[in-house]
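Labels run A, B and C following the written order; every chain starts at residue 1.
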């Protein structure tokens, strides 16, 4: 593998700087003793202390994470199966129809999705709260999973599957040993982007939640009128650091075990 | 495949753990109390300490939910599916909710502290006899500006000052049809509740001549911009102006003399209420002079609670910009519910105006 | 041979489509034919064909196009270079993580960053340039939109580049193809599915962008998404809001048909 040229490195660095700039900006102000993201007065940890003193906010944070992870997981399963099914459809018209339907929720503004889900849930008589929010998040995350898995499926060489079948693999084996490993990057991509959808969503959650269930987004948006408190910055900063630590840590741990495993085999 | 299974298991384990923690945190908060009420309010619109104090005093646990717009709140109440015992709509929304039969009457005999409220704020047109509402905060719409950044002759005692050529590309407006079209109507000396196509047309045409001065039409984001001296002049609500002036002492606020809007946020008991007694207890608690004074200190908007004002810093309550005397208040109008047809028209004219600013 | 077994895998997916796609569409179409008093009418549809909404449709398209174009322009090289790094999957994760922080918070951060006294202007000043109001311009609007969509574009492209067989590239180079020809004739065609997928998840939602049209563009850009938002929440005119939503869906279907896979199904 060739080494990246300096120009390439600078380019990547620039992209990362831009991506992280607003986040570091938020974190910077989470240490501001003044009440807002405006003038930096002096350094303080008080907003971080406030996070741990506010059990309501902590519960909301946990709710947010649970909803994101669970909805991401369920949406990924349904979406991946759906994408495999769509690819297997031979009728071109049928396939295009399904794909168009798939994208309806991506093009619909959140308010429309939220309002129609709310009407749907109250019509069926679902109690609003954790379940209704979870189901809605699964619903609007499925299309992104399909769109991430689909290109991997289309790239897949059919002869791979034929070969497996010729060698006597059962359908189940074909799915678990050939198809899934091949499209795995697409599945992970779908899952991670489903997390993004879930964590970012305000409008849909707002409409379908109730009975005391709340997520971080709802708290943040409803604070806009009177000013977003820096406690929210602090909580975002904490979430950010924990996420980065988990991801980096997980990456190096699995890498090491993989390498160790390979060495043992040798 | 193996890593997919591993990831799935990991997610489920993490979720189960989080569930457990959340459950522990929640049960720690409510030590065995079965009595709860759900309060539906704007974010950061109450001192959270008071909620704890209320639970201590009455044993009623408060579930606090938040919304970010009157309309969205009404949709939730209208559709049901969740029990809200208290909501805090603005006055025009009170009328709309009344029309749709979304409110329950309030029993004044359960609110001994109601006597703390300044009678001026009781029995208003949007709710005669306070059958459904108890005032929470009030304010006006006006112009917040930075005197050091505008020409000396501008003091915004008149809406006409906004049209001053020196303000080219400097004026910010709030993203609200009633506020902006209302300002157009006020500047013509008309009522901001006008139901007359010709007048609305005239007001819109007048607003379009303001376009060169307009920098942007935004919402709550105006607060940081004004604080940072990035925006010079903005049409906004008095409550927000107070927030800005708290952080940037150079700013000033004026309500033009041609007239403007007077607004109220009130407690109501929506028809979704499950604990009506609890709701009354909460309202009565919030009307207490000391509680109200403390809450006002936290929120910073103008309070209708006369008894609380006596406990507050005189400098705050003597500030005519936020506590205008009755004579000044008489120049102001409360929004009437114009009906959906006219609200639609206001929004169409507002859209036309928005499309003209570039 | 994805055949029969995989048909069964569609079952939960079909349930999802029926409940959360078809049912809402039916609801939206129904509402779009109601006026404010709840009577049946087609007036909303005729209202859509007024100059205001047509102009908005065009604006939405134009900005969605610009956003997609710039997102692709930045994302493709990023994805390409990422596949060449040592810990490529880690770097890819680090591209996604920023999108997990609440968008409204990040938007407020951008308001600060772009501000007259923010870091960008401070930086410009070092070079002797004058302070500029960056907020409420086309530039800031497109910049922040691109920022939002970049992970959505990078990931599918990264995935299709990642599995690209390097021998193909070496072969092309050995046969004397220039870098550019190799890219145009070998790499790009092989990653086209990833690019398409990236364009779909950028262009389609960009059509209905709202919130940042107000926060970052100060309502100087008005998209169909903003209009729907306003109709639903402010005017309480669900009929008109639904009508615009119906048109958005129609537009999306047309785009899907135009960019749809030409290849038939897999046998």
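Rule of thumb we're sticking to: contacts are C-beta pairs under 8 Å (C-beta built on N, C-alpha and C of every residue); 3 or more make two chains touch, one makes a residue touch a chain.
Computed from a predicted structure; not experimentally measured.
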Per Cα centroids, the chain farthest from subunit C: B
Contact-richer chain pair (by C-beta pairs counted) among A-B and A-C: A-C
Between subunit B and subunit A, distance of the C-alpha-averaged centres to the nearest whole Å: 33
For subunit A paired with subunit C, centre-to-centre distance based on mean C-alpha positions, whole Å: 16
Shared-contact residues (touching 2 or more other chains) in subunit C: 108, 112, 233
Contacts with two or more other chains, residues of subunit A listed in rising order: 37-38, 115, 119, 220-221, 224, 228
Junction residues of subunit B, two or more chains touched: 72, 219, 221, 224, 228
In the complex, subunit B residues that touch subunit A: 1, 3-4, 7-8, 11-12, 14-15, 18-19, 21-22, 25-26, 28-29, 38, 42-45, 48, 63-68, 72, 75-76, 79-83, 219-221, 223-224, 227-228, 239-240, 243, 247, 299
Subunit C partner contacts - residues on subunit A that touch it in the complex: 1-2, 4, 8, 11-12, 15-16, 18-23, 25-26, 29, 37-38, 77-79, 81-82, 84-92, 95-96, 98-109, 111-113, 115-117, 119-120, 138-140, 142, 144, 147-148, 150-152, 154-155, 158, 161-162, 165, 171-172, 174-175, 179, 185-186, 189, 192-193, 195-196, 199-200, 202, 216-217, 220-221, 224, 228, 232-233, 236, 239-240, 243-244, 247-248, 251
Touching residues (chain side subunit C, partner subunit B) in the complex: 36, 52, 55, 108, 111-112, 115-117, 133, 135-136, 214-215, 217-220, 222, 227, 230-231, 233-237, 240
Residue ranges of subunit C touching subunit A (in the complex, touch as defined): 1-10, 12-13, 16-17, 19-25, 27-28, 74, 77-78, 81-82, 84-85, 87, 89-91, 93-106, 108-110, 112-113, 119, 147, 150-152, 155-156, 159-160, 162-163, 193-194, 196-197, 200-201, 204-205, 207-208, 210, 225, 228-229, 232-233, 238, 241-242, 245, 248-249, 251-253, 256-257, 260-261, 263-267
Touching residues (chain side subunit B, partner subunit C) in the complex: 69, 71-72, 172, 175-177, 215-219, 221, 224-225, 228-230, 340-341, 343-344, 347, 351-352, 354-355, 357-358
